[in-house]
Each structure stands twice: as structure tokens, then as C-alpha cells.
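Next come the structures, one after another.
In the two complexes below, chain A is the common chain; its partner is chain B in one and chain C in the other.
And now, the complex of A and B:
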């Protein structure tokens, strides 16, 4: 099982997404690029507090064609070849929780935990396909959590104020079974 | 004035100017033509009473600040436009001397509601937080994109399982009234009355089926009401400055009498004085459908079925607004301040609606062309938060009463006879709640529903939303299915005013959405879509 956010992990996510999309009829034609901004919140050990990890994902004809981690949003346009079509922004904890199936991605979008920008009509018109991609991302990849698995067990505000508490909580979670 | 432009825009209201600004920033040569003596349309600020008293004749409440993309895209703050978000946004004052206040601080709002019902306060907090969570999604889906159909939206809501995930959103809302929503979720009549009143001020009558679908979004921005410092016209002026800085031209006293069509394509306009202006790429109308399709376009260029629909009458709001603009020497001190001192700082105040049934009864009277049995105007004192709008030590006041455009006993012309009388009646209603106002009114003028289309011709039948707010006149059905995506049967002619989705109010939505369609048709680089 690959470690979260490694190349191997993204390969697994891509394969899961494409396998899921292959089961659908009428996937959308055309391509679009999604920028994902994962903001360090002091809880997740995978993104340093105050920093942001940037990923680009290209979906073409319903399949994930490629993904890239890039240094900063300034590199996005060049990396994408053109402007991005969607941007998902959220805390690292939120994305970690989605990846391990603790947080439902649709709930996260509805509650503003993950902010979604872009032409919503396309997403709405292809809701079934979007559900399939999100489902694959959040449920169909077995993941290793080398530094701890969410939920990290403390309120985010408190955690932001105390790295010690956050670390303790993460250490406790390390012992839990993966995919629980 | 040059006689040829890439884009000719009819109407210099906020939508016409906004579209002009975007297109000018795209490098187009743009002219915006305005019938009146100044830009702004509904963004009109005039010294209606006395010199130095700035009255917003139409648009007073800017509720999409920090939400509408145009505000940031066009950098209006760099053009002398600034806003205040009042701490006490709104209040309802009830006949028994109690009051409910909406604050920019959610906790204070909930504390106010809790004085009537703790359960309702908790419900409101959940609704507000839920709505705030998806307000970006709703704005992106429902406001600032060319519209989807209700059927598409319903299907998507079902596919995403929104009903199971949300306490307040659901597919069934598309058939329900705001009253239904309030009955389902809230308990106290006064809480329900206030929330219904808030919807009504936004143009959403609480008894119209289908409008419940928009209610969570209204609540999501219930504390986002902004006042344009120096008067609403400052925004129009700021947009004009942006247009001019990017090479665009706004021409006032330029009434368009005809849109020229050649080979099925709009190629220019002719002004009332005979001036001919060529449109190299497009003509966009931000005025009403009736003028555009019955007066400006050659009859042969409008398909007969469309012409018949427009001639048959479009769906307009069945209620209008009667306004009183006042020059005051004091701000109101409400009796209800004994119950809640914050009412004296409330920007917008509902004077007396204490139940949804009272609103329902008034809607029935108004739709029958009759005045409500009791005047229950809403009152705004802009000077509380913008002292620049009146001479030192003085204040402006604005009363607005829901009212019919055409009175049953004499039609709209009857307003010219009763305007002063009814204005006095509304002032007395205000004085009943704030006795100190007696003797502090320096001057006042009525502005009746009949005055509305006289000043702003677009607002047909006093319809300040430029089209009924109802499920049948919403999204891609607004104002007609043939025109619902901003294109028209005449190639190169677009509709970009408040007749279009989403609706009137200072949303910038019609212009912004028409821009997306124009960009697609004209192959413009969409620089504004910084996702």
C-alpha cells in the first residue's frame, strides 16, 4: 500500500478513478484541469502549517489523464498549459479525511469545508460521473499513513494553537487499522 | 462621437456599464448609450428633498458586495466606491413594543432571536451556517453562470444526495413557498415574520410557490447588506470611470429608437435624434424586453411567436414599492429600544409585520390593486452609517411600503392624486413606532409606483425587479425560454439587463452571465475567470 500523497499513491488513485469511470455510460467529453490546494492547518502532518501543497489533475474524456504536484500556484498556468477550470481549496485535515473516507467529499463541498470554484453547471450536469471519481478517490485506495491517520482527534482551533496536542493525537491514531 | 464601435450597449444601468467595462478590458471599442441625463439607471442618487440630502431613488441595498465577481474584477474600490456593512443590519419592530435585530455578528442575531424562541435561534444558526457553507456553490451555480433548467438542477441535487445531506435544501423546495419553509423549520410567528419580511425586501414574496428554493441563499447573505458611501450612484460613477479608463464611452441623452438589422444580424442602432451608430460585433440591450422587441427592433426581424408572447404581456411583479424620501433633523428613537436598544442603530426596519399571515393578507390586497389596510412601511436611515449623505447634524430617511402599481380605483394615474396623502400616512406609521420623529421631518417627497417607470422606463409597471420573481420566470425561463440564455433570435443581439437571470437588484449577474455567452460567441479571452 502506498504512503499518502506519494507518486505511488496518486497512481493508485488515478487507476481507481479510471476504473470507476470505465463502468459509467455517458462520461463527459472534453478535458478539464482541476487545481487542488491543500493548506497546512497544524493538524495534518502531511502539509506544514502555513504552507500549501498544490496539485493539478487533468481529466480527459472522463478519465484522469495525469496529475502533478507543482511548487506554487504561480506555476499553475504554465503547468496546466492554460488556466485551470476548477479549484478545490481546503485544509490538509479535510483532504486527509476525505482520502481515508472519514469525510464525505460532497458534504465537504456543501459545508464549505472544501471550497469549490469553477463552472458548476458542468459538475451538476455530470453529477453521476463526479460522484464516481470522488468515490474512487475517497474509498477505493488502500493507503498507508506513515505519520498518522485522521481524524486527528482534536478541534482544529485548539490544534492550531498546540502542536503538542496534535502530535499526541496523531500518535494515537497511528495504531489504528488502515481504512477503518 | 465616433459612428462605429465593436460593441453597442443600450442602457447605462449597472448591468450595461458592467458589460461595457468587461468588454472594454477585452480590447473592444465600446459605447454605452443612455436615454437619461446620467449613467446609473437604478443607481440614482438625487437631492430629492433639499440640497445636501442625498436620496437613493431606487437601489439602496447592495447585498452582493464581496460576492459578485464584477466588484473585484473591475476593481471598483479603485474608482471611489466604498461600502459600509452596518453592524445592525435589519430589525423588525412589533406592535407590542418588542423587536428582533439582525446583526453582522451571528451570535448577536441568535441572541436576539432567542428572546422569542431559543429553538428558533438554534435553527437559525444551523440554517445560516449551512447556507454559508454552500453559498459559494449556490452563487456559482445559480447566480453567476448562464442558467441551468430547474429540471437539471433537480436532477443534480438528487444525484448528489443533497436532501440526505442537508437539513434545509431539498428537491421539494421547488414547489414550495417561503411560508412553507418557515412553517417547517421555525416556530415563533415573529421570527417567521421577520424572515419573510427580509425575503420580501429582496423581492421574494413569501406566498409564491417555488420561491422556497431560493430562501436558503437569501439567509446565507442575510447579514451581507451594504450601503454605498455617498449614495448608490457612486457605484455607477465608479463603473463609468472604469469604462472610460479602458477606452469605453458612455453617452447620456442618447435614446435608442431603433436597432438596425441586416441579414438577420444586429449591425447598429439609430438614436432618437437620427444619429446612426454601427456595431461591428454586437449590440447588447439592457433595457426591457418590451422596448427591445416591440419598439427598437424592426417587426420583421422578430419571429412572430416571440413577438406574440411579448405583446401578450410578460410576467411582471404584481407588487411595487411606494417610497417616501425624508430629510430629518433627528434619527428615530423607537419605543422598542426599551426592549432592544440596538433597534435605534438598525439600518433597515420592518415596522409592524408580526406574522406571515399579515404579509399574506397585504399581498392579497396589493394584487387586487388595493392599499394594505394598515401602512407597514420599512424604514431605512442611511445617515446612521453614512453621515456624508446629509448636511451635518441632519439625516436622510427612506420609507418603503409594498403597494400596487395600478390602483383598482383609477389605475397608476391615481397615485398622482393620493401620493402626498399616502406618504403622510406612511410617515405617521413610522412616528407611531418612533414618536420623536414628529416635528423632526424637515422635508419629504413621495415617490410612487407610477413614478418608477416614468424615471426608469425599464421598470415596466413599476416592476423594480424587471420581471416577476416566480418559478415560471426563473433561471432559463426568464424572461422567456427563447431569451433565457442571453442570445436572441437576432444574431449579434444580446439581452444583458435585469430582465434576464438572475433578476433585478444590484447583482451584476445579468451582465456577467451575458458576458460569458458573448465571450463564447466572439472568442474572447476570459481573463476574468481566475478560478
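And now, the complex of A and C:
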């Protein structure tokens, strides 16, 4: 079983996603790139508090072509070969809990524990596909946790994530920047 | 041309609340739809009322408020009896993205309506949330990355 956040683990996640996607009809025929930003919250031992780990996932014709870690958001365009279509941001605890099946990824997105940015029209169009990919990420990989695994205790992932992505009470949508 | 000149009402989203993520997604969806459809923007400018959208399988809901000037998406279920659309989250996404028509979804009982006045707000919400057909030329995702 691969350790969390290693190349072997990324490959295992990719294979699990592709096995899941193979069971679906009507997957998107184009490609899109998802940036994942995992923010250290002082609870997860896998991301230093105050720092962020950056990942890119490329989905092509419904299959995960690659899943890799990059050094920083500045490397996104070079690593992806294009812009990023979606950006998922959340606390390390939230992502750890998703990876070990403690936190449902759709719940995390709907509650704002993980913030999702990008064109919602296409994300909703392919919601079942996205659901299958996230389900594979969350439940289909046997992962080892060399520095301990969640739940890490209080505060919960939801509370920690609100520190990461919390903003003013009401946001005006027009002109809002969602860039890195 | 500015947004006001095109009479596109601004969309405001409540950033905190039990359904903050759902509110953000719904807000993004409505904003994109209004940007791409004069008819939707025209309707959104003229409707007053509140509508509850509930992801019944997640026990989460948002309230979409029209006041003629703007659309506000609250990250919670407003108390009181409101016109509502309820269903599992994936069923709601199928309706919003046009994979299933609202009528089909109702017939199949994928989603349910809670009928209350004013119904015009419910009809307006269904319209502004439904992605215009032309957006999906095929099943590909957007060819131009959003550069987010």
C-alpha cells in the first residue's frame, strides 16, 4: 500500500479513478486540469502549518491522465501546459479526511469545507463523472499514513477550512478574482 | 459594455453558512447563465421573491432571493414557507445542466417542488439556473481554460 502523497499513491489514485470512470457513460470528451491546494492547518502532519502543497490533476476523455505535485502555484501553467480549469482549496485535515474516507468529498464541497472554483456549468454537467472520480479518490485506494491518519481531533475539518477560505459575509460575484 | 449597461443583475453570495459551498456553486452558475443569456437577465431583473433549493440527500439548502436589483444566494434555508425545489444533489445538477428537463425530473420524482407563493420566483429560479443549451456544443468541457 502506498504512503499518502507519494508518487506511488498518486499513481494508485489515478488507476482507481480510471477504473471508476470506465464504468460510466457520457464522460466529457475534452480535457480539463484541476489545481488542488492543500493548506497546512497545524493538525495534519503532511502539510506544514501556514504552507500550501499544490497538485495538478489532468482529466482527458474522462480518464485521469496524470496526478502530480508541483512546487508552487507559479508552476501551474508550465506543469499543466495550459491554464487551470478548476481549483479546489481546503485545509490539509479536510483533504486527509477525504483521502481516508472520513469526509465525503461532495459534502465537503457543498458545505464549503473545500472551496471549488471554475465554470460550474460544466462541473454540474459532469457531476456524476466528478462524483465517481472523487469517490475513487476517497474510497478506492488503500493508503498508509506514516505520520498518523485522521481524524486528528478538534477542531474539525470544517472549522479549520473556514479559517482557510473564510471571507466576508457576502461576496459580490462580479469582478471577483479566483486566480492563484 | 459594462454589466449594468447590459442590465445583468449582480449576484451576491453569502460566504458563511452551513451550505457555503453550495451557495457559491449556485451563485457561480446563475452568474454565468445571466452573462450568457439576455432572456435570463431580463427575467432576473423583474422577479421579486425567495426560493429554497434543497439537496435532500445532504440535508443542505440555499435560498435564492430576487429583489429586482440583485440576486442574493444565502448559504442556508430561510425559515418560513417558501417555494422550493428539493432533490438529491446529483438530480439537481442534472436539471440545472439540462441533462433532464424539469418536467422529466418531476415525473420521475427525481426532484420535488414545494409550492408556495409567489410561484414566479420558482419559475425564475428554474430559468436562471438552467444552463442555456448552446453552452454545451457537445459533451466536451470548455476549450478555453478559465485561467483561474
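Keep this in mind: the second predicted complex is superposed on the first by the 155 of 180 C-alpha atoms of A that agree within 3 Å, B and C clash if a C-alpha of one lies under 4 Å from a C-alpha of the other, contacts with A are read in each partner's own complex, and residues count from 1 in each chain.
Basically, contacts are C-beta pairs under 8 Å (C-beta built on N, C-alpha and C of every residue); 3 or more make two chains touch, one makes a residue touch a chain.
Here the structure is a predicted model, which is why all the values come from computation and not from measurement.
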Which superposed partner A:32 touches (first chain B, second chain C, both, neither): second
Touched partner set for A:85, first chain B, second chain C, both or neither: both
Partner chain in contact with A:115 - chain B first, chain C second, else both or neither: both
Touched partner set for A:50, first chain B, second chain C, both or neither: neither
A:127 touches, of chain B and chain C: first, second, both or neither? both
Superposed model, chain A: greater residue contact from chain B or chain C: C
Doubly contacted residues of chain A, that is, touched by chain B and again by chain C: 35, 83-87, 106-107, 109-113, 115-121, 123-125, 127-128, 131
In the complex with chain A, residue positions of chain B that touch it: 130, 132-137, 140-141, 145-146, 148, 152-153, 155-156, 159-162, 165-166, 526, 529-531
Residues of chain C that touch chain A when the two form their complex: 3, 10-29, 31-33, 55, 58, 60, 72, 75, 89-90, 93-94, 96-99, 131, 135-136, 138-143, 145-148
Residue ranges of chain A touching chain B (in the complex, touch as defined): 35, 83-87, 104, 106-107, 109-113, 115-121, 123-125, 127-128, 130-131
Chain A to chain C touching residues, read off their complex: 26-33, 35, 82-87, 106-128, 131, 162, 166-174, 178-180
